[in-house]
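The letters A, B and C name the chains in turn, as written, and every chain counts its residues from 1.
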Amino acid sequence: MDLPALANCVTSLSCIVTQSTSGLIIGMLLFLVAAGVSLIFGVLKVINFAHGSFYMLGAYLVLTVYGLSDSFLLAVIAAALGVAVFGLLFERLIISRVYGSQVLMQLLVCYGVILILDDLVKIIWGPEFKSLGMPAAFQKPPYLLGGGVVPVYYLFLILLTLLIAVALGLAITRTRLGKIVRAVAINPGMVSALGINTGYVYAGVFMLGGLLAGLAGALAAPVRSIVSGMGLSVVVESFIVTVIGGMGSVAGALVGSLLIGLVRSFGTIGFPLFTEGLMFLLMAVVLVLKPSGLFGREG
Amino acid sequence: MRTSSMRRDCLIALIVFAALAALPMLWPSRGVSDFVIRLAAFGIFATSLNMLVGYAGLESFGHGLFFGLGAYSFALAMQRLGTSIPTALLLTVLLSAAVAGIVGAICVRLKEIYFAFLTLAFQMLLHSLIIAWTPLTGGDQGLTGGVPRPAFLGIRLDAPYHLYLFSAGLLLLCLLLMRHIVQSPFGYTLRLIRDNPARATSLGINVWAMRLAAFVIAGAFGSLGGVVMSLFVSGAFPDFAYWTISGEAIFMIMLGGTTLFLGPVAGAVMLLLLNDVVTKLTEHYGLVLGLIILLFALGLRKGLADYLAELWRERSARRLAVPLPAAPFAEPSNKLSGE
Amino acid sequence: MSKRCDAKRRDHRLNRRELLSGAVAAAVAGFPFVSRAQMKPIRIGMPTIQSGRAAMVGASSRNGCSMEIEKFNAAGGLGGRMVELVARDTKGKPEEAARLSRELVNSDGCEILFDAESSAGAFAIHEVAKDLGVLVMHMNSETSSLTADPKLRIPNAFRAARQGIHDSIAAGSYAGKIAKAKGLKKWLSCSPDYAYGRDSTQLFLEYLKHFQPDVEVVGEAWPKLYQPDYTDALTKILQIKPQAMYSCLWGGDLTAFIDQSAIYNLFAQMEVFTINVADYTILTAVKNLPKGIHSGNRYLSTFPKTEANAKWAAEYRAKFNEFPINWSWENATGAKFVLEGLKKAGSTEAKKLSDAIRGMKIESPFGADGTLTMRAEDQTLVNYATGWGQTIPTEPFMPEVTPVDWQVIYELETAWKKKNNYI
């Protein structure tokens, strides 16, 4: 524990700027993954334990497409769409068979998929870890804001993800499609009785979850090492976020991700050896005090 | 009725024990005895988890807490305190029961998925503690130096055959005890709470206390699974408290079945066999095992033992040309909260 | 039913035919007819990691061993007995490593174990070797206590990998010189939070202070192993503004760390010392390797700058289509010791083989002076080529390597052992 260092940081503007940006960075990528998990749970009542594998696929796809086309933009779009298609296949062929089964059976199914995907990427791309490298467009020196350091690529990430968060929120609350999705979350039987094909809605939500996770994997690729099993590192954190933010709530996922990001970035200064324990502690506290999470619905 | 079925179970257990004791003479393979020892560890662990999942309707994601706690406390007691093995066993069970009491008291108030996640959080907190407290636990390297095994009652656990008999015996004893508990009035009360908590409350049953009791019992037995594993590897590793070990137990009860009492043991046999055979035959462990799991999960959609039991009932009903009787074991309810 | 009987009869006929032709061939060739029992292969069990984030360990370990074994078999094996490597995937789980080791020995007829697991798995396998009495060669574990601690020592366990204590002394001695020369007083460490990371860092800082007392540790960051995001650690480092940073991050973590540090322009702001950069996994993976990172060699085909080393690297590359890395040479070395031991002892029996290997000195392209020794008193590898230098972004990646004086290492290692009551 290093409380004096933490106190020092909280009283210095440059430290606050740098650590908060750092928290934002960690949080925004986490948000893309957690939003998908949260939506899928909210609408389909399924906990997609395989979400980390979607993220991993996104990273591998962007690697391949970037290698072939030399265009990061194209690669990111291709990766996101590719994983969206995978999400659709996953839902139609596999998950839809275990709707209504126990949560634990869904967990078993997802575990099978994770095992297969982890091995497949190793067979296709090889066991060694790979690096995408920073695309040329972002190879610029970092900005200095208020004495704090903000890398160009991270600024781009934060803005892009905020944009997506806003778009997602608006789509869910303002559009007709969003209303249908919310209605299916509350009462699928009624929606189906009104003549709307709930199967399409389920598939669509899974596709969206896949798109977001694939996008996260692709956007994270320049600053991560890409290797089989990399999904593990995001899936546990995204569940913590989903629990804290509230399952089914995109706003909750955003707030939860930012909270975890800030806990990580300031926690590393104050509690360098117990940062992971801190996150689980936070999760436990939320579950005890308000199980449905900060933005979740009661019941 | 109950005592006679208990007597029958005891008899079956004795026969199985005798058979297992004779096995190494007929089939002298250390591979087989190793398998039985691991089966003992996971069989006890998975069955204890099923007391929560199948019988009490409490889907726990964090049961590995007790597996890890059991392994570490037993190994540490033997290494640091130099006690006898029976004393270490007693200390382990008491410690696990106490921890289960505290953790359970906080967790069982919560509904399904939240209960699941909170148990997971507690397990990961223990894991973080094990990793951080290096001077005591050895940190991420695990407890090195081996587990001392002084003789007790003429049993020398450093002799392979004795360890084999001890593990088999412990497995059968735990199964008998857990069977007795689930067949008792307490067990039936648990099932009532599982199926209809509102009705249980209206009958004056303290649902929270019953669930807590189930949690404590499951935790105490779960720790014994960890003890056997720590004897097998002669140490303890943080792996034993990681969420993956909870996952393995869950997969065993899903593959084997949650309604039949021996379902989890069947699942343990299945998963261990699959693991061993696939690892031996191919480098592509993930691909093959994943496909097999999907086949079971999507094809049967219930545990193998449950599936076979249902098949048997349907066939015998058809043969007698009588309408299918109500299942003697009710299906566990599996609604997620939030609906 | 009859089809099956026919097949059986057919098989018998084939077997007899094979036997006859074999005998004829042998008679024609003039060699004595050797019984099948004597020609039984020597099976060596290798539990290793073949899946997940550390899958590279398994791939490179197997490659390193198999190259040596093929040469051995091509030269006739052990009196006609060929060596067969049986590798199995432990998936990185120590209890699976224990189980597999036992299975390989008990059920699959393996007479020797090559432990190509990581450090935690190594301890599990060590217990199995203790229990079953087979010879085990630890190929990858760098945890010093595995061989240094007399409480853990058994006569049939050896280590062919580099050791944490040696690396830390080497690093401290080099860094001390640079610190003195460049006036680097404020140091910070950023290492993975697990046994290897903590031990290695603590020892480095100790030896840094030994060689250059005028240094101060102004901060530490402890990211988790396999943690993907180092932003919080990096911003902390930038806050503290040290003059020099030490890290023993490795593999994918180090690659990600370098990529992420680069966008903060970290390498321009401080001298960076890392044990693990000079390994081809990193050097070929990182797209924009910064210039001037100080690193100790893990494996470089240009250090030692000998023909033997270059030849081995070229052979490895041609055969496996990838660069050899640290685990590759360690496994090749361990395999060579065992194979030479087999020749010397003429038997696979654990005691005879151990006695042959203990204290053995072999010629090797990886030795500091062309030879490697398996030190007798603690049964671990010494005199391997170790040195430090600075990186450049293109091959040979580290043109100048300053070798470390092993006499210095031996001296300080003995002091360390005394301090820990190992001797």
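Going forward, contacts are C-beta pairs under 8 Å (C-beta built on N, C-alpha and C of every residue); 3 or more make two chains touch, one makes a residue touch a chain.
In this text, all values refer to a predicted model and were calculated from it rather than measured experimentally.
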### Task
For this assembly, give the contact graph shape among line, ring, star, complete and other.
complete
### Comparison of B-C and A-C (more C-beta pairs in contact)
A-C
### Message
As a quick test, compute the distance in whole Å between the mean CA positions of chain A and chain B.
### Response
33
### Message
So the centre of each chain is just the mean of its C-alpha atoms; given that, what is the distance between chain B and chain C in Å?
### Response
38
### Summary
chain C residues touching 2+ other chains are 50-51, 193
### Query
What residues in chain B touch two or more of the other chains?
285-286
### Touching two or more other chains - residues of chain A
118-119, 122, 273, 276
### Query
Contact residues on chain B for chain A in the complex?
53, 59, 106, 110-114, 116-118, 121-122, 124-125, 128-129, 132, 243, 247, 250-251, 253-255, 258, 284-287, 289-294, 297-298, 301-302, 332, 334, 336-339
### Query
What residues on chain A touch chain B, complex-wise?
41-42, 45, 47, 94, 97-98, 100-105, 107-109, 111-116, 118-120, 122-123, 236, 239, 243, 247-248, 273-274, 276-277, 280-281, 283-284, 287-288, 291-292, 296-297, 299
#### Entry: chain C partner contacts - residues on chain A that touch it in the complex
5, 9, 14-15, 18-19, 21-23, 25-26, 29, 118-119, 122, 127-134, 138-139, 141-142, 148-149, 151-154, 220, 222-225, 227-230, 232-234, 264-265, 267-269, 272-273, 275-276
### Query
Contact residues on chain C for chain B in the complex?
50-51, 88-89, 91, 93-96, 98-100, 102-103, 106-108, 119-120, 123-124, 127, 130-131, 143, 145, 151-152, 193-195, 198, 225
## Note on the structure
In the complex, the residues of chain B that touch chain C are 29-31, 34, 38, 131, 134, 138-142, 144-146, 229, 232-235, 237, 239-240, 276, 279-280, 283, 285-286
